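A short worksheet on the structure shown next.
For clarity, chains are labelled A, B and C in written order, and residue numbers in each chain start from 1.
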Amino acid sequence: MTPNTLLKQTTMVVKSHHQKFIDVTGMISDYTQRALISVGLCHIFIKHTSASVIITENADPNVHRDLQTFMERIAPEDDYLYLHDSEGRDDMPAHIRTVLTQSSLFVPVSGGRLNLGRWQGIYLWEHRAVATERQLVVTVSGLDTISGVEV
Amino acid sequence: MTPNTLLKQTTMVVKSHHQKFIDVTGMISDYTQRALISVGLCHIFIKHTSASVIITENADPNVHRDLQTFMERIAPEDDYLYLHDSEGRDDMPAHIRTVLTQSSLFVPVSGGRLNLGRWQGIYLWEHRAVATERQLVVTVSGLDTISGVEV
Amino acid sequence: MTPNTLLKQTTMVVKSHHQKFIDVTGMISDYTQRALISVGLCHIFIKHTSASVIITENADPNVHRDLQTFMERIAPEDDYLYLHDSEGRDDMPAHIRTVLTQSSLFVPVSGGRLNLGRWQGIYLWEHRAVATERQLVVTVSGLDTISGVEV
């Protein structure tokens, strides 16, 4: 049977909070499984310039606290460092922290599921000092059967 | 009608300047629309190790100045910090700044257009203290109709 | 002749060493050529949260030493900076260095080969102070002939 190429895309709205890590692994994983793509790639894109999507450890919440502390040290909220402050003193550090991390990421799809490592989780990292809503565009593409996968 | 899978790829040459942000959103957007792909992904890759492609705020030029200042603080031009200086004192900081940002990025394509957020622009960020030309490889792939997009 | 869409995926195990750069360009390039995809993209994903895949200069090993020194300066091993230390004092810096770089990257495929710049190499960057094995998931997708590539 010849495999068919498929592509599915959706927009998800995620509530984010004050410099927190929002675990989106479950919702991305559910969507990927419903897409019925056996082998391929899942792309997650955030439509904002002051929040990131990242992959990091999913076991110890202290990892997230330490990452936040690191960013506060390296790109602090400091009125004297930045020219751009139109939306407040957390605005420019949020842009820097986004550029240092990522606006989008990919996870391979294998056997119809996200092929993440055991300790990898997918997080929306909110860099603004506000509670807000963020839009993620999720695109899953690949083949519906596994023929022709190994070379 | 069964959607067809399409893939278009081209190389663009962009003039870059002394540690500046070159807005390439328009040229990437034009190419994507001419590719006649309804839903999919656009990939932008830079074939160099001392300039990046990034997504950041497109409204206030001070954001770009502050990003440049941040990089000069975190990865300064300083003869005492680096072993590698074969092309000048701006050489090694340029490699570091590229690794801290990105050599390539993706934007989802929806409704035949780049699905960027309102404040997101795509920039070539030149990290060398020279005016030069940089090559971008742009690949757009996806389906030519939207059937089967939502799951 | 109508081009066929192809997708090939495999898992590679790479031995990594104590904060070193492991050149994986050759193995990724070989796999891409065997995949018989004329034009498309190659994705490399690392299934771990304390090692990265990056693209950087392939000529002077001092570039890698300077990158390592930079990370030791910016995200040092320091007992007082981090809450998370369950696997040792190199653990949390390894997570930070991974988030500052990348868990996955893409290279365009053109003419059946990786379309890298002359000075670009692909590296696994081990951030832990151990020798270990790391899993890479490599996915190559695209068209088997070049028809329809230029728009």
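We adopt the following convention: contacts are C-beta pairs under 8 Å (C-beta built on N, C-alpha and C of every residue); 3 or more make two chains touch, one makes a residue touch a chain.
Computed from a predicted model, the values in this text were never measured in an experiment.
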Chain B against chain A, contact positions shared by both copies (same if over half, else different):
different
Tell me the angle, as a multiple of 5 degrees, of the rotation that maps chain A onto chain C over the C-alpha atoms.
120
Distance between the CA centroids of chain A and chain B (whole Å) is 18
Among the residues of chain C, which ones contact at least 2 other chains?
5, 74, 100, 102, 106, 141
For chain A, which residues are in contact with chain B within the complex?
5-10, 31, 34-36, 43, 45-49, 74-75, 81-84, 86, 92, 95-96, 98-100, 102-104, 106, 135, 137, 139, 141
Which of the residues in chain B end up touching chain A in this complex?
5, 39-41, 54-57, 60, 62-63, 65-67, 69-70, 74, 100-102, 105-108, 110, 115-117, 119-120, 141-143, 148-151
